[in-house]
Amino acid sequence: MDLNSMSENTVKRRGQTRRTVVQGALAGGLATLGLAGTAPADRARAADASKWPKEAFSQKTEAGAIKALYGKTPEASDKVSLDAPEIAENGAVVPISVTTTLPGVTSIAILAAGNPFPLAAHFVIPAGTSAAVANRLKLAKTTNVIALVEAGGKIYSATKEVKVTVGGCGG
Amino acid sequence: MTAKHRTAAINGTVFFAIAVAAIGAQAARAANTVDPQADFKAFRAYFTKRFPKVPLSDFVNGPYSMDAGLRKQWIEIDAFPPYQFALDKGKQMFETPFPNGKTYADCFANKGIGIRQNYPLFDTKSGEVITLDVALNQCRQQNGQPPLDYTKDDMAALTAYMAYTSRGKPFDIKIPDDPRARAAYQKGEEYFFSRRGQLNFSCASCHVQSAGQHIRTEVLAPALGLVAALPIYRSEWGGMGTTSRRLTSCNSQVRAVPLKPEDEQYRDVEYYLSYMSNGLPISGPGARP
Amino acid sequence: MRRLIVIRLAAAALLAASATAALAATADDFKAALAKAEAASKAAAALKNQWTTTADALKAAQTAAAAGKFDEAVKDAQRAEALANASIAQAKEQAATWQQAVIH
Amino acid sequence: MASTIRVRAVAGSDNTEVQALVQHPMDSGFIKDAKGDLIPPHYIEVIEFQHAGKAVFTAYWGPAVSKDPYIKFSFKGGKTGDDLNISWVDNKGQSDSLVGKIQ
């Protein structure tokens, strides 16, 4: 979509968003400089890779990955919201976020059907943590991106196609 | 393989012939007139007329000023930008004293903070255009340090930090009353508008004539404000790029052998483009597809 | 008028490149062709207007010659010369006409 | 050495919003280097965020997560000045951790 076809209002609103973002980056950027290594991490329990779902991450099909991860078939739900660009500016960095209004969420997963290994990320959501995540993924080519939400022992899904012309796997 | 090469050679020649014919049809410009102010007015008028919905200060955001889908991704990515690590590194480098106890700050006006918008500047002593990158290496040299590679991450990090401290400050490029300065300006203008490489493209072919158009998913950034975002993090590179990296890669893309980084012609074209962007805010370091 | 000269130059160079292709070439033919190509390439470099494809063709010529494939080597050298000459013509043309492209 | 982890955790009225960026190549195993050899996969497998001794978020990642990965989530509770412990481990067993402060 060309900006010329956008209304003045939209342009203005976007401009304001941008300014906020810049200020945020300024404050945050300088603040994080001070954060690095402020305290030893001795009290923290280090992340544990033993629970990394190896089998699910090794599957070469979307169905295989879902089966290995959850052992269940997902049902499409309009309560799962997947935000991904229609056209990725570059397959190497595609911002994707998942939110849901479903209660009792225990985990969220994101898959890219067209990637060599479709499972991209799996998030554990303990009680008290919002069922909303954002991250950035590599997409090898134009593909369906699938968000899975585990809630109350069931799996719900939302799917969106992302067009990729500059792949995230080299070149 | 040979046949393929020959085809490429013929194609190049055909491209070239067509383009030359097209140029010949245009009206001749009076030679030997250097009027930066008139150029500036015409340059700005061209872009603001062609993209009436783009606020002037938004031109510095390149493709993101022209495409809503790209803009949304950029805002999401810029919320915690991938150039953050380069910024942190640049700040650390900038503040780390040289072995003699001096720092980069000692080489610059206002201790080097918030001065990016004044570069490149014309040095009336040496009679040359000095870009920020060159000034940084001169500073290193004065303090007994080896120069940094103009295309690599350390230079990108330093210039990223210096640009960051200058964000929002309007470009303020001066052309002193010195025939050498006007000559440098004009050489930069010549470089910008001259076609080169086997594909027979000039900088202007992409960033003036085709500005705002799509190449695959990319949108060609308009020349107005083009330099304000440098250095940039490019997703395509998976890392930071300096002005030199940007210029040399542009050359390669049109099958022209790049000049040496910070060659006089590169410095002159940066001088010209920065002057054309006078008044527009520094937005570097930028993030680009 | 200038553009006609340019087109003729480039076309002549390409014709030359293909006309000799059928003959069996020797190491001396290659040396002669390479010398001409390198001279043209050097002239283009002096104008800061080298094409990457010229360098590629020169490299291909040397690789072919090293393998004793002189037909191919001569062809590649001639192609390099044609490309270098076209880049020289481009530089001269642009030096004379760039101002017509300026926004005004 | 500077940490590989950058975090911004901001306490709101109800939730603490956390954004983090980690410096890591996240090599997919499908990209060739300049010599044409495949760069072996090298990616973070798990990153965990803890607040008040409790894991508030765990991400398991594969090689499809972008270079210098980014994550955003939010959790109930947390107030300005609280510690937020972050640690990651990659497939080569390398790791890093950081204690950030909630702003």
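Read from first to last, the chains carry the letters A, B, C and D; within each, the first residue is number 1.
One rule holds for everything that comes next: contacts are C-beta pairs under 8 Å (C-beta built on N, C-alpha and C of every residue); 3 or more make two chains touch, one makes a residue touch a chain.
These numbers come from a predicted model, not from an experiment.
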Which of B-D and B-C has more C-beta pairs touching across its chains:
B-C
How big is the gap, in whole Å, between where the Cα atoms of chain B centre and where those of chain C centre?
31
Once you find the CA centre of chain A and the CA centre of chain C, what distance in Å lies between them?
52
Would you mind listing the residues of chain B that make contact with two or more other chains?
77, 79-80, 82, 84, 88, 238
In chain A, the residues touching two or more other chains are 28, 32, 36, 92-94, 97, 134, 136
Which word fits how the chains touch one another: line, ring, star, complete or other?
other
With touch defined as at the start, can you tell me which chain B residues reach chain A in the complex?
51-55, 58, 61, 65-82, 84, 87-88, 91, 164, 167-168, 212, 216-218, 235-236, 238, 289
Given the complex, residues on chain C that touch chain B span 2-3, 6-7, 10-11, 14, 17-18, 45, 48-57, 60, 72, 75-76, 79, 82-83, 86-87, 89-91, 93-95, 97-104
Name, in rising order, each residue of chain D that touches chain B in their complex.
2, 6, 8, 19-21, 23, 67-68, 70, 72
Parts of chain B lying in touch with chain C, wherever the complex brings them together
2, 5-6, 8-10, 12-13, 16-17, 20-21, 23-24, 26-29, 31, 38-39, 42-43, 46, 189-190, 193-198, 200, 202, 204, 208, 252, 255-257, 259, 263, 265
Touching residues (chain side chain B, partner chain D) in the complex:
77, 79-80, 82, 84-85, 88-89, 92, 238
